[in-house]
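By letter and in written order, the chains are A, B, C and D; residue numbering begins at 1 in each of them.
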Amino acid sequence: MIGDVVLRLIIWFLLTANFTIANIVIGLLIAFLLPRSSASPERLKDLFQGIWKIILAIPQAYAEAVELILNPHTEEEIVMERVQLRRSPGLVFLDIFLITFTPKTTVLNYHEEGWYEVHQVRPRRRLP
Amino acid sequence: MTSVMMTVLNIAIIAMTLSILIPMYAAWKDEDIWQTMLSMASISTKSSLIVLMLSVLRDDWMIGVSGVIMISVGNAGFMLLAHILKRMGEA
Amino acid sequence: MMDSYLYIIIALLPLAAMMVVFQTNPYHALVIRGVLGAIAALVYSILGAPDVALTEALVGTLLAITLYAVAVRSSLVLTIGVLQEEFEIEDQTLDFQVLISAVQTSLDPYYVRVKLMPYADLKALDQALRQQEIHVKVYGNTISNAKLDEIQIKSYQLVTRLNRIYEIIKPDITSALVLLQSSDLKEAQS
Amino acid sequence: MIEVLSSFCILVGLVFGFWGTSSLLGSRSVLFKLHNLSVSDTLGSISIIVGLLFLRPREWPLLLLAIISLMLWNTMLGYVLASCSSDAVKNQHDVLYFDPDFEIGDES
């Protein structure tokens, strides 16, 4: 709930880039008046943890991109990845986002029983 | 901004424009609808990126705002279209 | 000299428009309409009209594509009226499925999909065809063989009221196919 | 100095962009192209915008919003395209879409 409002305020101030009283009041009003889901209350700590994870994923994504360019990955495969059961929708979204954001892996499907269907590329295996 | 940097940005914009031609050719040639969708996503990202580069080159704030909105709106529309196409494949 | 990129970018707009015009597959044309919308928004904003570009991005790509998609999806459909007993998948005989898939195959080059519509009895089916609710009706005649009364052969008959559909599906159909003449329809209506 | 850094970022973005986009011309699967496009469209574009950010730090809120929306939307579009296209393929051909040496992911 509070995380929702903070996120909306951040987006509002990034879009308007204006810190006059009137603009702050309008931003607060919009942040509180927009409908929000009441299903799962997200804690502020979770939100910042998620943002921190995303920031950490950026250099990893670039490293994987450079690997992809320098070393051609031609093999494709689908693996199943296990996650904990009964996660909140926000955490599932974060997981899918992190996996899909890195270029080598993409989530295809999320199974309710706690599996992600992950498609990934890898370099050609050397012959034994 | 120095004139050297302006030249660099000019060249970058021309290079981006040329790189739009690749997905356009792919969209023209491909038979599979999902490959066409991929090309379309690529084109829309690239075109809004050109708008952003141009807003920096011309120092024009309004163009920049429209570029940012184009990024989010275009992609939202494509997600809707992807779901509709998936339903069509099922039916 | 510094604005030479303008000419290259503006040249993309007629290119994308040509791609939409010359695309024959309606679904691909839909996607390429999205490409045209993105490029039009780009051209408008580099020519110094961010408001028009914003409108194009919102209406052209979001709303127009969605509306076109709904229009294409609902109009490129051939409705076939069938009896209720044939409608459930598990009750369908093999012959019936072969017949329907043959119709679908002959319509594939025109990007038309087949949709089945159930009706309670033959009278309702005929009524629906005459009132233009369906394009084609299918019904089976059970021919019981006197010598082998265990085996019942079902032969299907298709009736359509549209000349064009008759021409399209005629070559692929082995069952009886009847084109309902427009004079018949007028008689029924009067 | 700042201009060299900015030019470098833009150059990296362009290289990523051309490399990833050129894979669209090949005849690989949709998912394979999706991986390469996520290099070109998401990472290359972010790199170019960072280059622009060095050039004009005054407009940082707008460019930061551009980076955030680019990351979020492109990734979500990638996921939606992947799941929709793989569903369509499964429905069309009814083939087993898994790799023969399919393996269970590690438990960690």
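Everything below uses one rule, namely that a contact is a pair of C-beta atoms (placed from the backbone, for glycine too) under 8 Å apart; a residue touches a chain by one contact, two chains touch by 3 or more.
A quick note: this is a predicted structure, and the numbers were derived from the prediction, not measured.
Enquirer: Can you list every chain in contact with both chain C and chain D?
Expert: Touches both chain C and chain D: B.
Enquirer: Where are there more C-beta contacts: A-D or B-D?
Expert: If we tally the contacting C-beta pairs, B-D comes out ahead.
Enquirer: Could you grab the centroid distance between chain B and chain D? Build each centroid from C-alpha atoms only and quote it in angstrom.
Expert: Distance between chain centres: 13 Å.
Enquirer: From the C-alpha centre of chain A to that of chain B, how far is it in Å?
Expert: 22
Enquirer: Which integer distance in Å separates the CA centroid of chain A from that of chain C?
Expert: 39
Enquirer: Which residue numbers or ranges of chain A touch two or more of the other chains?
Expert: 15
Enquirer: For chain D, write out the residues touching at least two other chains, lowest number first.
Expert: Expected reply: 34, 62, 65, 76.
Enquirer: Mind pulling the chain C residues that touch 2 or more other chains?
Expert: none
Enquirer: Can you tell me, using the touch rule above, whether these chains form a line, ring, star, complete graph or other shape?
Expert: Line.
Enquirer: Please output the residues of chain B touching chain D within their complex, sorted ascending.
Expert: 1-2, 4-5, 8-9, 12, 15-16, 19, 22-23, 25-26, 32, 34-35, 37-39, 41-42, 45-46, 49, 52-53, 56, 59, 61, 64-65, 67-68, 71-72, 75-76, 78-79, 82-83, 85-86, 89-90
Enquirer: Help me check something: in the complex, which residues belonging to chain C touch chain B?
Expert: 2, 4-5, 8-9, 12, 15-16, 19, 27-28, 30-32, 34-35, 37-39, 41-42, 45-46, 48, 50-51, 53-54, 57-58, 61-62, 65-66, 69-70, 73, 113, 115
Enquirer: Mind listing the chain D positions that touch chain A in their complex?
Expert: 15-16, 19, 29, 31-32, 34-36, 38-39, 42-43, 46, 61-62, 64-65, 68, 71-72, 75-76, 78-79, 82-83, 86, 97-99, 101-105, 107
Enquirer: Give every residue of chain A touching chain D within the complex, in rising order.
Expert: That would be residues 11, 13-17, 54, 58, 61-62, 65, 68-69, 73, 76-82, 96-97, 100-101, 103-104, 106-109, 118-119, 121 of chain A.
Enquirer: Chain C touches which residues of chain B in the complex?
Expert: 6, 10, 13-14, 17-18, 20-21, 24, 27-28, 33, 36-37, 39-40, 43-44, 47-48, 50-51, 54, 62-63, 65-67, 69-70, 73-74, 76-78, 80-81, 84-85, 87-88, 91
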